[in-house]
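All chains are identified by letter, namely A, B, C and D, in their written order; residue positions are counted from 1 within each chain.
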């Protein structure tokens, strides 16, 4: 079934959909321009506006459900942005509204959590300002009805992520990580930008409503080009290979940031982009979609492998994020059949990964910001709530039966299997590795004997931090089943992204599912042997080549260093030298040359009257001679 | 039986007045006591110049004569009248500048540093001969461009030059330099005028007459005498190019400009240049106009050489007067570009108008510049070395500002008269398809801009020397000169139209159809 | 028949010119200039003869007058500089240069 | 009502007045008032401008020098209008920013501010001139006040920079003079009026020569690679205020000239030259960005970013599509604001620390958060972050260029990545990291400085989301231009839905 027509809409909550963006934006403005005088109540304002935005999202969702499925794509025109090129407008349809709900929902929870987490930070107000800015930008990204507006949100979230990663900018590492994130993202944005240019010059518009219907008429080459360029953008934003390197460094930011931006929402923007443009630019079995699946699989494995070797709890989780998004990409690459699963996994992942990150944050909060898991251990008794919720998140992500992850991930694997066995099995292997590294993480943190630093006094976090954990863990339990069983999400999304002719039925414990479970169990067991039961050394052992390979993020940074950084530096030095010596050298040389000539020439003026007379004499002779010659020619 | 020659006295009145005043001045020198002389000379000089100017105006209003006067010896036509007007104004201004005994030696005959010089100083003697000498020179300048045959031109040339030779030697300070300048100028001047004369002789041999019109006529009729013609024309050209200081005959200019008393330098830089170009136009346009095809290439070379040499050599000058000398060489080159732009009547009047305008504005600005030079003084006299000008902008911003303004005018920056002068000439040249020459012109004026700018940098952007030169309170004369020049440079830079019209109509009157 | 005179005048002119270039003594240099002028006179008279009009001869008189005037001025200048420098060599007067 | 003459008159008279005010403080205040009055008048004029009316409005034409066919002819079309607005907005800001500028050099304060006002008059004049000769006069005369501002009030190398700036521009200007003369002569209209000269040059060869004469002058002014080396010196040495006007407005005269004179007077030649120009522009974009990355001096770095940006503008002008050209015009305005802000904040920073070198800073954000914040906003605008005004123009330029020249547009788009590198790296080195002890106790922006930046940042953000008013004014004028060049935008490949 093809996506439905976009119907222009006014009035109602949907008509006022711009509030979704405006509210957090207002918050950001007040908090960032207000300065110190808003320190007292700044964070409450931030939370309030995030929640308000969530409420609007819910109301809009309700109004949307009021329409017949075929009429659930509502375009809301706002104002003329760039005459003749792009207008500001919202597209509120099942896809965007699901994102809006996720962003504002999880976002609000993380806002609340941050009140506690950032309570000791003198710049908490600024932090909330940035968070609000992020929410606003992210909402613009998903709600925009054209690629230019989407691009504004796209780079807006990039900015927010830059600001938040570098929130503790006095740490050089943080500042560098922030810059790296932005620059790498810009590489992706470059692709997106070019894609937009192609669209405009091909279709004469950048609005979804114009572009998608016309896409059919474009040449295959054009479509592939657009698709691949969009994918480049997606890779940048979603930390997919080859633009994955920034995500791990991004963990320099405060943990809520890692949870909200670098796990739940922003990094999934790439998936959104692919799914949104899917019908038009990633038709099933097209080159573009094939590449998408390949990137997805590669990343899901890479992320998983990285996750296995990290001792920094956040980096381990970051690796897993990469990997999970890899699953989503894979699904998104599978065309209409996969979209629903991609989004479903995206949503559940939003919950359980946020859950895990916030849990990790809670642990760090208790261990005064220690991130090295080798200095954790046996925390389960001291942080019961954190432990329980974290455990739920853990079970969800490894796909423990009947928890969220089980349904969504399994859905992806099954679909991939139907599509191509290789992809499927690779995804299964990924699942197995996930089982290992997540178990490793849990065992090292909550089980085993206590390997804390001397000054560590672990304690449970305040309720303002635990409540969000609880809510998220509930989502981690039930959401998956709710969305997948009887294809609720698939049907709901149908009008927006299309859906396969016959809906897939979900088989509990299908052979593939069982195989997956088996592998996961294997992984978990191995982790128990290595980290649960056995002694965990305080410093990481050298480990095999594979371990180092994983620890070094698969040499991604080394590669960038060798391929771009160093040559870049050389190029820069060369260019500067060339500019000073070469171009400017020529200019100054010219001046110097004239000066020198003058200096030499003036020596002719000897001061002896007779030499002057001679010059006159010769001059006269030459003049006469020349005249004579010319005259007689 | 001899018929008395017919003389149009009214047409020649300005000339006669100036020469008369000069003779009167000599008599004054001879018969009045020393203490009275200045009191008489200055009014006589200024009044005669003013009167001559008035007469020129009257003549212009009465209508420009079409026939040459004095039996075809002197052509009082449009251009002549314009040039007379210009020269008289410039001369008047220069005399105002001369009116400051600081510049001139007490007793030229006295050996520098000798006892008698001391005495002369103490007695407060001044050379009032300066005034009659100047008047003779000015008279010569008037006659030079007006002369309608080569003999008169030669005589005028000498009448103009001989007093200048003497004036160059009369500087009060740095007398060695001054005398050297005089001797150099004299020897070279005499040398070049000999060339001029021999050229005249050859042309006479070619045409059987020294009358410009007859020579022009002879170009068509006489055959087989081309050797005489080209050689003669070339030698005459040498004499004239020497006077305007075109390369390779420019060597005398820097030395003489530097050594001569600054007011005299101003008179030469302004008056002589104007007069000499008038003469150049007469010879090359009136007499040799139909020979253009033969001398145009040569003149191209000369013009290019002059512009480039002037611009490039000026860059490394460290003496303000030498620098201005080279700049005047460069300007002579720009003017030559105009001289080359000869063609049909329309083109000619365009070019002629342009040259006349250029001469007027350049003369005014250059006098102003030299006037400023006279005001910046060290204990030992005027501060010529550029390094002494450093930071002048801070010590006396107004004067430095004015000087900077004159320099910008030389550089031809818009909204100064200099710009329109250049523009007019270049436009004429382009209209004559001499665009490459114009390109060379603009490039060399870009180079030239460098040393004008350099002086501004010194004056404004560098810090003053501890024992920097003092800026004297100007005498009323000098003040008037600077004020007038600055005003003229501004006004002509914003509303050149009136003078342009004058120049155009002056030129038009000569080339009708 | 007049060519010889012309050649002579040319020779005189050349001699004068060369003299100016080679001689150091200001007086001599000056005399060389005078020689050049007289060469001109010769040329004028010759051409007058050739063309059979008297203009040239008249001009010769003018030139003589001018030459005389030049002598007056010239000697005055040369004498002054001689008195200061105690030398009539034109090469001594070379302070102004470059 | 002779708006434009009034604008120029007010500033000139203001300048004269200021020049004679003995008390410095009073002189500053007077200058500020005058510039604000000019701004008010300009806005009043802009309000009365009807975008879809005649192309040239508020026209005044009087004979100036009939002998040369020169008129005092001023009028504005959309392009000129927005650029005049830009100048009028920037001047008061610069005045306020330069409050202590002149004192540093122990030089005449009132002269500096008088020069500012003279410069303003000339900036208005150069954009308003509809007589080629008049334009040339302003084009050249503008150099002098700027020359003195750099030379007298600039940094250590000021006189070298000033002379280099003047001679370089003068050289270009003189070449242009030849072209101007030739244009007049060849056209033979005995008039320099832009409208008279439109289409006057038929012969393609002549067009090419004249085009070169104009173009080189504009390329030096803009500056386009490889004629750019004077800019870093001038901008680095000039006092911040002067640098803003130099890069923000004066250099725009070059790109403006390309759009108005090169394209319209010599359409054939422009098309002939387009490949070369686009190539130079693209080189400039990438080259400028790369060299900027390597700079150690804040102001030089900003200067090089401008060289990159001018590449975009030139590319937009010569891509000859409505989007590109409008984008280029808008770019001129936005670049004025964003780079202006950058230079001013850099100026504040340098004024505090007394060093232009990036390495002498670090961790400023900790001690002076507002300064750092504004610097970041300005920086982000310079890397054309969406939502800030430069994005709109850069996007338009690139889209428009892509419509006709895909490959150059793509190469140019890499500038987007490089921009992120040079801006963020500079920001990191100056503002982030541990606070350098030299920076300890650095004061944050005071009220004057904040008021300098508020309008700029407001404009940057405002125009970032609502560029329509500007574009509505610019578009008709640009379309007019392109019609005179007789080019039409390439139509999209797929006009209607096709399955």
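Quick notes on this structure:
Heads up, the rule we're going with is that contacts are C-beta pairs under 8 Å (C-beta built on N, C-alpha and C of every residue); 3 or more make two chains touch, one makes a residue touch a chain.
Keep in mind it's a predicted model, so treat the numbers as computed, not measured.
Counting C-beta pairs in contact, the pair that comes out ahead of the other among A-C and A-D is A-D.
Among the chains in view, D has its Cα centre nearest the centre of the complete protein Cα set. Centroids of subunit A and subunit C (each the mean of its C-alpha atoms) stand 96 Å apart.
For this pair, subunit A with subunit D, the centres built from the Cα atoms lie 36 Å apart. Computed from the mean C-alpha positions, the centre of subunit A lies at a distance of 79 Å from the centre of subunit B.
Averaging Cα coordinates per chain places subunit B and subunit C 25 Å apart.
In subunit B, the positions touching at least two other chains are 183-184, 187, 191, 254-255, 450. Counting partner chains per residue, subunit C has residues 17, 20, 29, 90, 93-97 touching two or more of them. Touching two or more other chains at once are residues 591, 602, 605, 607, 609, 613 of subunit A. In summary, the structure contains touching chain pairs A-B, A-C, A-D, B-C, B-D. Against subunit D, the residues of subunit B that register as touching in their complex are 353, 393-394, 397, 408, 411, 413-415, 419-420, 423-424, 426-427, 430-431, 435, 438-439, 442-443, 445-446, 449-450, 453-454, 456-457, 460-462, 495-497, 500-501, 504.
On the subunit C side of its complex with subunit B, the touching residues are 6, 9, 13, 16-17, 20, 26, 29-30, 33, 36-37, 39-40, 43-44, 46-48, 50-51, 53, 55-56, 59, 62-63, 66, 69-70, 73-74, 76-78, 80-81, 83-85, 90, 93-97. Within the complex formed with subunit D, the residues of subunit A that make contact are 32, 35, 79-85, 88, 148, 151-152, 154-156, 159, 162, 166, 169-172, 175-176, 178-179, 182-183, 186-187, 189-190, 193-194, 196-198, 200-205, 213-214, 216-218, 222, 568, 571-573, 575-576, 579, 583-584, 587, 591. Residues 164, 167-168, 226, 228-230, 287, 290-291, 293-295, 322-323, 363, 365-366, 370, 373, 380, 385-387, 391-392, 395-396, 398-399, 402-403, 406, 409-410, 413-414, 416-417, 420-421, 424-425, 428, 431-435, 465-468, 471-472, 475, 490-499 of subunit D are the ones that touch subunit A when the two sit in their complex. Considering their complex, residues 602-603, 605-610, 613-614, 617 of subunit A touch subunit C.
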